Each structure stands twice: as C-alpha cells, then as structure tokens.
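Once you scroll down, you'll see the structures, which are given as structure tokens.
Each of the next two complexes has chain A plus one more chain, namely chain B in the first and chain C in the second.
Right, the complex of A and B next:
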C-alpha cells in the first residue's frame, strides 16, 4: 500500500489485472453516461417545446433509455469498478480470480446490451421489440422478454461481483485474524449486504412474474404486487447509488481537502444504519397506491424519517473533515477557512458542489417522504427535480469528480486538463441549479412528470412567481448545460486515458482518520449480526402489506380488481397461512 | 486572500442559485421582481467579479 512518503508505483502497477477489470467497468459506465445524457437533452428540449426532433410517441423510449442507462447502467458499472478498486486497495491484495472478475463483468455487460437493444428497438417500429416501460419497469406496462432477461442477467452479475469482494475479504481475514476490517472494505461489504437483501424483491418480480408474463406463460400479474416488489428494491437502490459517493466523501474528499477523515467509527455507524434502514421503507413511494393500508404507509414514512440521521451524520463528518483540511492549509476564522480549500482541483470542487446540492435534494426529499404533503407533489415534475439533485448530482457529479482522481491511477497517466475538469463540474452545478429549481417550481404548479405533452386543454398552470414559459426556458437551458458538461467530461477522460505514462500520475495516498477504528466497539464489524437485524426489520415492514396485497388484489397473479387493504386483512391472511402451515407440519409429523 | 480563477468561478457558480431564488425571497416581502431585474443584478455581479479579478486576481500587482 502506498504511504505518505510512498512508493512511486501507482495502482495500475501494483494491480494490473484489477486495473483492467476496473477500466472495462468504467468504460461501459461512461458510454452509458454519454448516450443517456444525449437522450436527456432531447427530452429536455422536447417537453419544453424548444426543439422537437422526435415524435412525441417516441418520448417514452427516450425516457426509458435515459433512466435505465443513467440511473442503472452508468451508476452501477461505476460502482462495480470503484468497489473493485477499493477492495484491492484497502486489502492490499489482488482479487482471488481475475477470470471470475471478468465473468461477472461479462454477464453484467451482456445483460446491459440485451436490455438496451430492447429499449432502442422501440425507435424501429417494424422490429417488434420495445421496452417503453421507464426505468421503474413494473406492471401493467410490459416490455419485450429480452429486456427483463437482460435485467436479470445484470442483477445476477452484480451478485457475483459482490461474491468476488467477499472472497477477497475472506482471504484477507484468514491472514489477518483479529484485525479491524479496513474502512473502505467495510463500506463495500455493508453496501453489498444491503444490495443482496434489496434485490430479492426485484429478482422475485422479474423471474416469477414479469418474464413469464412477457413470454405469455401466465395471462396476468398482480400490478400492485409487482409495484411493491419494485419499490422494495427501488428505494434501497438509491443508497446503492449513494454509497460509492459516500465512500468518496468519507475516504477521498478529506484527503483532497488537505486533511484527514474526522471519524472512522462514525463512518461505520452510518453505513450500518443504511444497511438497516434502506430497505424497509419502499412503501413511501406508494402513498397514492390503493390497496395498501394507510397504517403501513404511515410506518414506512416513520422509518424513512429515521434515514435522515445517517445523511445528517455524513454532512457533519464531511464538513468537519473539510474544515480540518482547510485549517491544515492555513485557513482561519469561522467561515474564511472555506477560501483555503483546493478549489482549483476539479475532483475536490466537484465533490464539494455535489454535497451542497445533495443537501437541497435532502430537503425536497423530506417533502416527498411526508405522507400528507407528498400529495401536493406526487407524480409532478417536482419528483424528477428531486432525484436530479440526488442521483443526478450527489451521485453523478461525485462519480465524475472522483474519476479525475481515480482514472489516472488506472491508466498511469496524468489528468489531461484540470481547468477543463473544473469548468465541467461548475457547469454541471449551474446547469443542475437551473434545471432542478425549475422542475421543483413546476411541480408545485402541478405540472405532471413523465409526459411529452405537459398541457391540458382549457387549463392554465399558474406559478406564484414568474411564468411557466420562464420555467420551460430554465429547464431547457439547464439540460443543455448538463449535456455540454458530460461532453467535456468524456473528452477529458478520453484524452487522459490516451496520454503518456507518468511515474506518479496522482497522489493516491489516503491518510489515517483523526479518530481511528480502535476507539469503536468491535460489534460494529460483526456483519452477521447486522445482517440478521436488517432481515428482521424487512420481515416486520413487509410481511403484512404483502399479505394484504396478495389477499385483496386477486392473488399472486392478479385477475381481480384491487380493493383497499386493511391492516386486519393482512393479519388475517398471515394468521391463516401460519395456522395452515403449522397444522400441515403437525399432520406430517404425526 | 488571492482571488484565483478557480475561486472566482466557484463564487460565480454560487451566485446562480442565489439570483434564481432572489425573486422568491423578494416575494416573501411582497416585492414583485421581474425576470429582467434578476438578469441585470446577475450581470452587475459578474461585472463586479471581473473588476475584482482584475484588481486582486492572479497576476495583478495587488495580489503580488
């Protein structure tokens, strides 16, 4: 491992095979980013009526491509590459089998290609293949089977990737008995446990319902059940996107600031809280769904509010670490230390700006999570405004900024241009401020999301301040700036990877935290215990709602009209199920 | 403190959300600011930043 005085060798010299796998992951991620961003520009200009180059009927194809390629492919391929880097770096050992690493990468890529073909097929009417189901892909919208099969392969690929990192950890553990899990490895493991738990929902939905339904093997599905199974996975995937960004804020941002992480134990607590709390909250996406009892929605809201705690802890730790770094660089005063931060460095500036917009996204997220106030903005443009601040900035901008520090380690070259990088991250910040601000305000005016033609006949949307026309221009301007920012990013990264080799392309040494793990209880590293608690919380949160949905919504495969569920109906169903099972077991035993 | 290009860029970036929300804040006090007023304010701010950068930016005599 590199030290402060450090060997000049960089990551690619020490782990050439792993660097190859990581570069391949990042390549797929960045190609998806480019295509998805282009689709985003087309949509922004189309629905604001500034420039219409597609037919409105194709809007949903573009929207699905935008969502799947950016929210699923770009983010998760970046995550798998980044986690592979973090595992090798923090354990200071290569993966157990390079061939195995290429296998999961190949499976994920094949799945991505299949799903993308299904989506883009929608632009070719005679092809007979389409998947205009948006990135949430639940019934009653139906895609071509290869879309679902591709997604299933992609998910299984991520499971195998997680197994790769667990195998590395097991090998490290056998050589390092009694040692604390290195922080980055701890973050990888807790994130992947959360992912295994969360993806069970979407795996059941895709394999048992959506694939057989799209192949015509079963006539119908229970739409509410597939929606609920999607959101069982759909909220924790938010944290699956966020965890690599958090890992960068905790372990890389303090170093870029010129300081050290404020507290290692606090970081561990935060990741454990996400493991425990991310999954049992998905019903807060379904406040307006009939068929789920209001009591279950209230419980989901309460759980969701607990999730604010780890985010607030992260905000505190990240700012404390940055302040420590600024003071190490000579910064003084209550606020003047901000001027001592390394604003020239695009990696630092991008992550810092991403964190600031994430705070704004957190506040709008509280409106989404509030059960009654959510009714004001449900399915309006407010919602995309919110997640363009969270996944679209906190995650995407942090990943792009982190790439300016990470990619040179993988290529052995220096970053092509820091000024272009700086301009790029600032352009993203400004573009997102324009776009998301207008989306939030349009949402408050009641303008719907997910439509190419956001107008109603004989109805005029009114805004308290400004006009709808101004909001449309603001969205189009923001979308254009964001697309140009992506072009600059891809250009900078491409020329970086084609550059000449350097002895020390980037200072990759990560300093020890101010407060190390030795001061924290060892129980934090007991992953089995935390996994068990997470499973119990999921069972408590979902058993009764799922039982109610199955009982009242026409069974597992639908066929009947859903009626409003009640808590007692869910209890009755579970009681009957348990009683029948016990009686059957007793009969068999007798 | 020296006004570097990077600091100037970041300050300009932060001015954008402030300018956008200025009308909302003014609305709390029943002041109806038209869009053109915001554009003029932002333009004046940018002009001020250019002047400050010329006086105190990298390479200026004051900075050295």
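Right, the complex of A and C next:
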C-alpha cells in the first residue's frame, strides 16, 4: 500500500510559519462555528415554538449572526486556511512572505470583528448599533456603517490572500518551467479567479452604494440594483464554499479510502467548468423579482442546469475512487466492497456521509433551479432545507471531517479521540436528516423561512403527510443533535491541540492519481484563456439586465426612497453612545 | 486524455438529463404558458406612492366582464388591502395583481399556491391568477422586512358572484361620496 512511503516529517515541521497562519485561520473559523451553531439551536427551538428564550424581534439579530458567522466566516476562514496549506504542500515551498500572510489574515479578522460587533450590537438595547439585515443585507433595510465597512475589509482580505497564493505559484513557476501546475495548486488558482470575478459585484454594491448611503452621504439606493449585485456574488459564493470540499473529495478522500484519485485531467476540467459557469447564473435567485425580463431569467436557468454537469462528474469520481480504494483493501462484489471501506475513520466517514446528503441536496436544488416550479417553494422553509444539505452538510461536514486529518498535521499532535469523532459525524448526519427533511416538507406546506413566529391568525398551514406539529418536533430535535455535534467537534479539536507532540501524528502522504496530467491537453493549464472566457460570459449574462435595472429603477441611486426609521446610522450612533455612557455614569454616581 | 468508458457513459447521461430539464421547463414556459414575474409591470416612484392614481388608493377594480385588477401596497408590516381589510374577488374571475412596496423589500404569497412574488420599492410586480371556487386564502409576507416581519399577514376572500357584486357596488358608492 502506498501509505508506507511518504514524507518523513509532518507539515508543521516542514512549514512552521505557514502552519501558524493556518492554525489562526482555523481558530477564527471554529469560533464562528461554535457561536453560529448556538444561534442555530436557538432559532430551531424558537420558530417551532418548542422553547422561546428570546424576544421575537431579536430572532432576526441572531439569524443575521447565524448566516454571517456560518455561511461567511466559518466557511471562508476554513477555506483560506486550507488553501494556504494546499499551496505550500502541493508546491512544496513556503509562502513568499510570512508577514504578508499575517497581514491578510489580520485584515480579514478585523473586518469580521467589526461586522460581528455591528450584528451583536442589535442585542443590546440603546447601544445604537445594529445590523438586523440578514446575511443578504437587502437595501433599503439598513445596517450600521461598520457592518458594511467590516464586510469590505473582509473581502479585500480574501483578495490579498489570493494574491499570496498567486505569488507562491509565480515563484514556483520560475523554478519549474514547463511543468504542469500541481493539481491542488490548480484548484486553488481557478477557485480564486472565480472569486475575484464574483466579488466584484458585492464590492461595487458595498463600496459605491451601501457605505455612502449608511453614512448619509447619498440619500437613497436602487433596491433592485443592490439586490442584483448581491446575487451576482451570491451564487458563485456557493461554489466558493463548495470548492474546498470538492478539493478534499478529489485529493484527500481517495487516499482516506485506501486508493487514489481516478483522473487528474478530469478534475481539472471540473474546476474549469465551475470557473466559467458559476457567475452568470445569479439571476436564478431572482425568478420572482419584478423589473427583470423573463428572457434573462431563462438564460440564468439554462446556465444553472449546465452547472449540474461538473457536480455530476464529481459524484462519479468520488464514488469510483472510493470503490477503487475499497478494492485495494480487498473489497469484492457489486456492492459488498462498501464494507471494506474504513468506516471507523471519522475523516473518511464524515466525508462519505456528507457526499450522501449532498446527493439529496442536489435533487432539491434541481427543483429550485426550475424557474416555474420555483414559485411554489421560493422563500419557504424548503430553501433552508436545501442549503443545510449543501453548504450546511456537504461543505460543513466535509470541513469538520477533513479537520480530523488536517489539524494533526498543523499541531503535530494525534487526534484526541477517533470514536468521539465518529460519533460526531454520525450525529450530524442523523440531526440533518431530521431537520432538513422536515424543512423541505414544511416548505411544501408554504411555511415561510426567516420568520420568528410562523404561526398566523388568518390561516393554518396544511401538510399532506404527517402533521405540522410533527415537522416542528423534527426540526427542533434535529437542531439539537446538530448543536451537540458541533460541541463534540470543538471539544475534540481543542483537546487534540492540547495533546502531546508525536513524530507521526497522522499519515499525511497523498498518492499520485491513477492517470496523471501528462496525457491531457496543455490548454487546460492556460489560466489566462479561461479567465477571458469567464469574463465574456459574465458580460453577456449581466450587461443588459443591469442596464435595464438602472434605467427603469430610477437610476443608479433609485430615487426618493426614505431612509427607514427603524435603523439608526452614522453619527447617530456616536450621540447615543455618549448619552448612554453619561447617563450610566450619572446613575452610578447618584 | 484517457477517459474511462463508464465515465463517458455517465457524461452522456448527465448531458441528456440537463437538456431534458431545460426542455421541460421551456415547454412549461412557452408551450403551456405558465406566467413568470418580469418587467411588464413597470416602475413607480415609491416616494410619491400616495399620489399615484392606483397605488394612492389601492384595491380591487373591475376591468371587464369577468376580469379585475387588484393593486396592493406592502409596507412594514401590512398589506393594503389584505391586512385590515381582506382582498375580495369573485369566483370564476381572472385577476391581475399589481404589487409594490412602500419602504423595504417584502414578499407577497397566497399561501399554498404559486401566486408568489417579491414586492420591491420602485418596481411593480404584475401577474394574473384565476380563482375558480369561492373560499378563503391566507396572505403572507415571505421576505424578511424588519422586526415585525412575522406579523405581516392577511386574507384573500374569493366570494360568490352576487355577494361580491353587492359589496363592490357599496364600495363604489362610498368611493364616489
């Protein structure tokens, strides 16, 4: 078996400064996971009316925190840590400048802290800071300026992180002329090009419209424009979440199952397809928006359907690589080989379970993508049901499972407990089956998402099978299991990092694919060409809709929209802060 | 580049599946004529909504033998009409809705049906629904719109024709006074 050979030393010994940066990224990621999961538990109990410990108005503060901390902070800090690892590992060279790496990490973290303060400020009455706008921050709902400023800093931080990996690549290239880009590096680079292209939308929205507007420098914004710019970014972010998971399925899962990746060139093709198709689809989140012509919605839908292709190819590769691994381990028969897989290894089992739920999520996603069927489930609980399978499991569970293999390489200590790890990934799977199936069915009954008390006076929701009460219980039970699973995960990782140093904490060797890149067309590695095509596709898909929205929606800045009275902004905050402090001081003095 | 036979087969199946999806939906959209929300409703200035000939006093309006227009304004946290007064339409009618928002983005969903749209300040969502039988439906705002989002609901009543006619007449008289 290939595992016998491999580098003599652990990652942390070879790249100590990189390991430091990566650990810091994972730390932020996991802290966000812990807080976000706690909010998730509160939501699951609150909206089902099983247990209400908060005011319903605060529900939206927590939901904003849940969305931002999990979908943005947890996932992306994990990604930056993981990509930093993959770059150093696959090029076998350290980053160009450790100081620079800390700089982007510092910027991302500062931005995160500012945005989090703005969000959590909503829980403190009289503070005057709030950002109860959910993670989609649709204007004219308005957040405190530090929310948008923090967000902008965070995004610029990710841009700088990407530059770090491009610099490493350039340095490697000058020493390795004519060689194929190592596979993991290739995946990092294509994902980051997609990210640069995609974040342009949200950067324009935040910097040119939302920050000036929240500071009172411009009176109004065009709500459909900022919403469209958000979704220009909001769909590709889905692939930004998924790509680290895919990278693990392509490059780590085959090894964990005891074999090798099937085909290196096809993996490259898949990542290129994502680069090309991820962005010109965002309008599929706006099937129900007025102000966008049906034709544009149709183009977005067609592109979306083609985006199924790389995911279907990935499903094939993942299963084929696992089968190959199982047969290497002596597995036989049509399906009996499944028994030969290393089910006691939490890293393997977690990823495999994540893949199973991703398949289910793929089916519900096909319903979302159909522009007419979408009308039935748009903004119902079906949608969170869907994305807790995709980002909430395919991505989150793969990241947690991958951590069981990755973290020991960074700490130089053995995983604290494999059985606890195994229990943790199984609990996530079971909890998610409860929560997600119930959310899907609740959505079919018409129960809306993002609602603190979906219990109404004028009507009752009806479900064809089971009862609404049963759905509520399943959501609450599933949410509780998921929360406990996160607690176990954090506990296991914490104790791992406190453990004793070991010479060989984990087998980190990754074998070469069965068919390598040699035979494949070199054009696959021509990143400039693919970037060009991606840009053209985006221009084709977005120019006309954006022009229409600007022209018809009252121009770039909308017009005459009053600033909603529910939110305070700008200098308001300073005055409130000063007066409350003075009042408190006076009270204390009295 | 070497591609495994099974993989080729899988690739072909995947492509057939995708083209099939696009085909059915195109058929649904173009052939059967399922209507999408689009830019047909036009735009409106949200700041002067109260002076608007239709949205200034939103409600039901008869436009033909069996057809009606319904104007609805969504604002934190009510539908006008819908929340304090139900939206009333007669059975067997064809109703075209015009929905907009006065302050922030809202949703407008007739519960349990695919009559579902976003209400965006500045934009008018236009869509047509046929109401065959008398009955009552719930209305719900399904886009987060602020701290009272969960109380934003309403009712739509499909009335018997005669009942509706007398109600409508009364409305007209009150309006002309």
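Assume the second predicted complex is superposed on the first by the 554 of 590 C-alpha atoms of A that agree within 3 Å, B and C clash if a C-alpha of one lies under 4 Å from a C-alpha of the other, contacts with A are read in each partner's own complex, and residues count from 1 in each chain.
Everything below uses one rule, namely that a contact is a pair of C-beta atoms (placed from the backbone, for glycine too) under 8 Å apart; a residue touches a chain by one contact, two chains touch by 3 or more.
Bear in mind that the values here come from a model prediction, so they are computed numbers and not experimental data.
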{"item": "Which of chain B and chain C A:328 touches, first, second, both or neither", "value": "neither"}
{"item": "Chain B versus chain C as contact partner of A:176, first or second or both or neither", "value": "neither"}
{"item": "Which of chain B and chain C A:97 touches, first, second, both or neither", "value": "neither"}
{"item": "Chain B versus chain C as contact partner of A:437, first or second or both or neither", "value": "first"}
{"item": "When both partners are placed on the shared chain, which of chain B and chain C touches more of chain A", "value": "C"}
{"item": "Touching partner for A:456 - first (chain B), second (chain C), both, neither", "value": "second"}
{"item": "Partner chain(s) touched by A:526 [first = chain B, second = chain C, both, neither]", "value": "neither"}
{"item": "Residues of chain A contacting chain B in one complex and chain C in the other", "value": "none"}
{"item": "Complex contacts: residues of chain A adjacent to chain B", "value": "336, 339, 343-344, 349, 353, 419, 422-423, 426, 429-430, 433-434, 437, 464-466, 470, 474"}
{"item": "Partner chain A, residues of chain B touching it in the complex", "value": "1, 4-7, 9-10, 12-13, 16-17, 20-21, 23-24, 27, 35"}
{"item": "Parts of chain C lying in touch with chain A, wherever the complex brings them together", "value": "1-4, 6-7, 10-11, 14-15, 17-18, 21-22, 25-26, 28-29, 34, 36-39, 41-43, 45-48, 76, 99, 103-105, 107, 109, 111-112, 114, 116-118, 120-126, 136-151, 153-155"}
{"item": "Parts of chain A lying in touch with chain C, wherever the complex brings them together", "value": "56-57, 59-60, 132, 134, 138, 140-141, 222-224, 227, 262-263, 265-266, 286-294, 297-298, 301-302, 305-306, 308-309, 312-313, 316, 320, 366, 369-372, 375-376, 378-380, 445-446, 448-454, 456-459, 461-462, 515, 519-521, 548, 552-554, 558-562, 564, 566"}
